[in-house]
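The chains carry the letters A, B, C, D and E, assigned in the order they are written, with residues numbered from 1 in each.
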Amino acid sequence: MAILQAKDVKKHFGGLKVLTGVTFSVGEMEKLAIIGPNGAGKTTLFNIVSGKFPATSGKVEFCSRDVSGDSSYRRSRLGMARSFQITNIFQKLSVIDNVLAGVRSRAGLRHHLLKCPHKDRKLIERSEAILDRVGLLDYRDTPAQDLAYGQQRALELGVTLSMDPRLILLDEPTAGMSRQETNDAIEMIQRVTRDIACVIIEHDMNVIFSLADRIAVLHYGTILACDAPDVIRSDQRVKDAYLGEETQ
Amino acid sequence: MMSSGRMQRYGLLLFFGFGALIAMPWVLGGYTLRLLTESIIFSLYAVSYNMLLGYAGLLSFGHAMFFGVGAFATTVALEHIAGLPLLLAVTMATAFTALVGLVVGILLLRVKGTPFALLTLAFNALFFSIGIKWTAVTGGDDGAIVNVPDINIGLIRLNLFDGPTVYFVTLAVVGSVIAFCWYFTRTAMGQSVLLIRENEERMRFLGYNTHVSRLILFVFSGSLAGLAGAFYAVLHGFVSLDAVSIAMTTKVLLMTFIGGIGHFVGPVLGAVFYTYFQNFISELTDSWPLIMGVLFIAMVLWTPGGLAGMIQSAAAWIAGRKASDGAPAEER
Amino acid sequence: MILDVCNMHSYYGKSHVLQGVDLALASGEMACLLGRNGVGKSTTLKSIMGLVKPREGTIRFKEGDIQGCQPYEIARRGLGYVPEERRIFKSLTVYENLLIGVKKPSGESSGQVWTVERIFESFPRLEERRNLMGGYLSGGEQQMLTIARTLMGNPELILVDEPTEGLAPLVAEAVLEMLATISATGIAILLVEQNYKAALKLAQGFFIMSKGRIVFQGDGKALLEAEEVRQKYLEV
Amino acid sequence: ADTIKLAVMEPLSGTFKDIGDRYLEGVQYAAEVLNANGGINGQQVEVIPVDSELKPAIATTKATKLILTKGVKYFCGGTGSSVAGAMEVLAQKHSLIFYTYGMAAASLTGEKCSPNFFRVCANTDTHSAALATWVASKGFKKVACIAQDYSFGKEATAGFVNKLKELNPDAEVVAQILHPIGTKDFAPYVSQIINSGAEVVFTSNWGSDLTLLLKQAKPLGLKAKFACYYLNDDYAITAVSNDEAVIGSVGAEVYMLTIPGTANEKFIEGFKKSKGYYPTWLRGKAYLATMMWAEAVKKAGSVDVDAVRTAWEGLSYDGLAGTWTMRACDHQVQQPVWTAEVVAKNPFFKHAYVGPATMVAPEKINVPCEATGCKGLAK
Amino acid sequence: MSEAFVFFLHGLAYAGLLFLVSSGLTLVFGMMNVLNFAHAAFYMLGAYLAFSIMQFSGSFLLAMVISPLVLLALGAIVEKFLLRRVHSGGHVYELLLTFGLAYVIQEAVKFIWGTTPQAIVVSGLLADTVNLFGVTYPVYRLFIFGLALTVGLAMALILYRTRVGIIVRAAVDDSEMVGALGINVPFFFMGVYAAGAALSAFAGAVAGPLLSVFPGMAEAILIDAFVVIVVGGMGSLGGAVLASFIIGELQSFGVLWFPKFSLALIYMLMALVLILKPEGLLGEKQ
């Protein structure tokens, strides 16, 4: 049973054909990695799947429902969450308020004119639980901008999780991290995505091979190959196009 | 969260503040009381403006269009519907302004930032030129007299020509609306607006329809300005095109800014200060706009937090520590 | 020595990030600055470039004192900077991004002058994207552009901050090779890199930083031999 | 004894400061003359200038202050019908008198007439009628009208057209143009007037709308003369700065420097001596109106508002511009309006200025009380 | 036919004036992303200076040259000592500052020159008329159009044929990085702002003889200039040219064809553009 399906997605920017027909699916609780050269269209694909902008043609189905025409806020209400390649949190707000934003959205407290989310114990508790999961509970009231880079990435993940999603899209979650931090991040991602589906973009093969159930290789706008990690690792086409010989 | 000691302090402050406001008619002279009444009305106007500027980060140069619509709608309602109770007329005017705000908002919120600022200005000019032409409603350049009826509460009739009466009515209605605005900033809706200013894209990916949020806020802020306009008409018993002029927008901008954007009480302070200060210096010199201008520039350059910011840092200095209020709504 | 940094101290507000950095680079040399996250590598580059004002120490470039100069003055003397965040001009096209970088070679021109044509020869991908807005480029493309933009200024020394971050393995390799080629034309390079294994193949000199100080200095061989240092400051 | 306080509500800052200043100078000179002659009923007159900023709300706020803190009962003003409208409300509420020497909208003494409001100047009906009389007397057949697109401009044009039809049924209005206030480029309008073949152009424009119209019309080839509300003004003529563009056109007003008679000569001399400039245009109007108010106070023998009101109603005042009579039914003064052509040579200025003034008698231009729309002044 | 031609000429002349007036605004907005509210005040100051220089020297040419130069210096000072200080606070503060500045200049002008309207009188050829395809037309109106054309071309050359344009646009994105590439960014910003002020003053000097010089002239022109840049697309030079032309002709033919709506036409145009293309005719999408 696939939770997410993309069918023949195409994206043209003017004359530039970035995606020329991408089809893939993600199963319930599956971890799919997307790799590919720079400029292959990975982030573009994320943008289409998450509804940041529409595809030129093709279809995106989420939970067996066609969401192609839906805007990003609708998709996220359905249980799709994404993180960003560049850290994208509420810099001036405290850590808990960052997470609370998603938690109350989940609870349907978006435009309520009378209720004060800051007073709602249940929401606060839920937010704290999420902070605990990403290891930021100690920084509860710190403004996000005062966090170290690695912690900001963790918060980015926390905000993504705050919607209690069924699928999360992670765009280069470990970019700019040292080996040590990267390893911590892998562990955390493994922990928090245990019972949800996940699509992840990465250039760090170490991350990919530790997390992914399946790997899709995006090249020149299409999926060149999509298979288990071991198969991909030994695929000559993938080596030529992307990995080079330096694979660990 | 506020500690209970702090709660108590706030409560005490509120209590005395309120008591002082009630006592005003016995303390102040007729004229100063009238200025105070006007300050309260302008406070609401400025608070509504600050909802856009301070909370949503929308810089508008067209707020007077709502103020004016509210004022003229009240006038027209009172003139054409015989026996219409005053507060009902004010409510109708506010609702009508909300409607206007909706239409304008749908058009204008398609752009952001500086283009938005510019377009609001152009719309303000548009409203003004409609006002000049639509003499049936506005009386054109001559303005229109407002037939302010007495308010009937059971056996009591309140005549709004009377200074203290109009003061109390304004204080009750406008004051409670201002209080509601304060509450609004802490509600889910108020907080969402704040977050959208911080990072709109993220909000969309958290399931918020940010366009709708912004539109709701715009309409809300507009209708509050309309309410302020309605009371302005009632207070003066007369409305002219001034009420929709760009000068009226300038005024709210100066008030809000001098008071301090981003602080809830800033605009209130600003409105009171502006009203009294202008009254004071315009008596000393005809070139008072020059002084206002220089003061304003000095504020922009050196104390961008406005009066509220100054008071806050002074308080922090006295307390010997940095004021750190837990509520995110108060920071900028 | 083309660059000579002596006892440099830099702060962000109250936090004392660089605590006396000493560093020197010969003309035409390619050196690599290594170290864990947050030890102050980027801050070192920014301090040299004048983007962060060091509070103490001397920085000499080509025998001239550049400490306290404005970034544009430093750049005009022949220093180039490739920032970690890339900082492509989003609303300018690729071509315009390159034009911004144009600067007459300072001092005696070393070898060929960089032109747009020469850049496009070296980075064909950029030529394909010539008229695209910088903001729409993919991460890798942006990285190429930011290096190319710096080259347009014909610098004598380039400070490059983590150029392979976010790049596909093949491209990362290509970029590093690119740097080697540039270095071969006589331009000195100070490179910040996480992946020291890759850097070993390219650079002549190595510096390791920890907590705002240089804790190791030597050539590739010395680094390979200093097992303990590597363990302590670089590896997991 | 106490002084009699008279507050002058004028724009004393901002774009219209010049107009406000001139009115104020007229009132101040009147007070000077009165005080030099022992005041009114022995009481000195104290003039309190109030900057109305041309904003009704500001004006009423400041007026309220004067009423509540200083007990001022007499107010006057000449600029901005909207200020008058707001002041009327205030005058009712606090029972005081407001008189105007400049606000021209006919409706102020028409539908909106009020017991506390006196108009001591021409209104759009009489002012237009005087110009229509001049146009009719010259026998022009094709007439164009151009006015600012707001109530004042429309009322003025309507008044003119009606009177002209009455006086000379042969005359044809070949163009009737309304343009936005503050128009910068009059070329398209001028071309329309040229195309209409008009021999004379009526305009009630003032401020930059008057000067730009005159200034731009000439180079575009418009030969027709203008019949203007406010061309008797040195201020407008210097702003045009092109004598050829104004010579031969005509202005109309209730006071002019060139009104014949020794009384006027003496007044001009005294004024010039005291102030250093001529009592052109607005200054003279404000002076005369204030003198008439003083007459009323004298006649009442007290400063009581009701007494003064009663005394003023029906009062005749023979100043230097003919006899002015305050009509009781609507508080609109009945007075002659003077017209004069602009000529190159004049004793006052180097530039062109109005020549000898001709009187248009009140009877010829008056609108009967029943036709004004005033429903009576019962308090 | 000849009637339409005359109205077309009217439109051109007014379009020329509109473009001159909005060029400085477009420049400063397009380059610095600052909506310069003081623009109209500079325009007014330029006109008054031109008036004084005319009185003093009698040469209009001199007035047209010196007045912008004075404003060039003033613009540089304003940028260096005021605007630059609030830059880090974001656009809101820049807008507020220029807004306050406009207020102060306006009052200062009244203080110095008084409130009486003044006239700049040109003589000789400029005051004459020419025969153009059978139509007698004032030279000065054609002169304005010619000047607008010249200014437009010069701006286009500088912005698109030199590096100045892209440098300043890049500096809006990330001025620190531009500095690190060897460019003296503060100097460029100062130059752009000063040039904007000079252009405004030039427009003021040129408008002087056609319109009069009076304290309300700034307010009168501000909204028009804003409408031009809204319709054209904020910061777009081509947009300003196009919008000036459309609005100029619309004003002129509007009087001929829809005399009742001549003012409303402009706003209707603006509303239409806003609905169909919120970023303006030639503006870039946000």
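What we mean here is this: a contact is a pair of C-beta atoms (placed from the backbone, for glycine too) under 8 Å apart; a residue touches a chain by one contact, two chains touch by 3 or more.
For each chain, UniProt lists the protein as follows: A, C = ABC transporter ATP-binding protein; B, E = Branched-chain amino acid ABC transporter permease.
Keep in mind the model is a prediction, meaning the values are calculated, not measured.
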Touch-network distance, chain B to chain C, counted in steps: 2
Any chain in contact with chain A as well as chain B: none
Inter-centroid spacing, chain D versus chain A (mean Cα positions, whole Å): 75
Where chain A and chain E are represented by their mean Cα positions, the distance between them in whole Å: 49
Length of the line joining the C-alpha centres of chain B and chain D, rounded to whole Å: 39
For chain B paired with chain E, centre-to-centre distance based on mean C-alpha positions, whole Å: 34
Contacts with 2+ other chains: residues of chain A: none
Residues within chain C bordering two or more other chains: none
Residues of chain B whose C-beta touches two or more other chains: 129, 287, 289
Contact pairs between chains, per stated definition: A-B, A-C, B-D, B-E, C-E, D-E
Sites on chain B touched by chain D in the complex: 29-31, 34-35, 38, 129, 132-133, 135, 139-145, 161, 232, 236-243, 247, 279, 282, 286-289
Complex contacts: residues of chain D adjacent to chain B: 12-14, 17, 51, 55-57, 60-62, 64-65, 68-69, 80-82, 84-86, 88-90, 93, 105, 107-108, 112, 149-152, 180-181
Partner chain C, residues of chain A touching it in the complex: 13, 16, 35-41, 43, 85, 148-150, 172, 175-181, 183, 203, 205, 241-244, 246-247
Footprint of chain E on chain C - complex, ascending: 49, 51, 70-72, 75-76, 81, 83, 87, 89-92, 96-97, 99-103, 149-150, 153
Chain D partner contacts - residues on chain E that touch it in the complex: 3, 6-7, 10, 13-14, 17, 110, 114-119, 121, 127, 129, 136-138, 140-141, 210-212, 214-217, 219-221, 224, 251-256, 259, 262-263
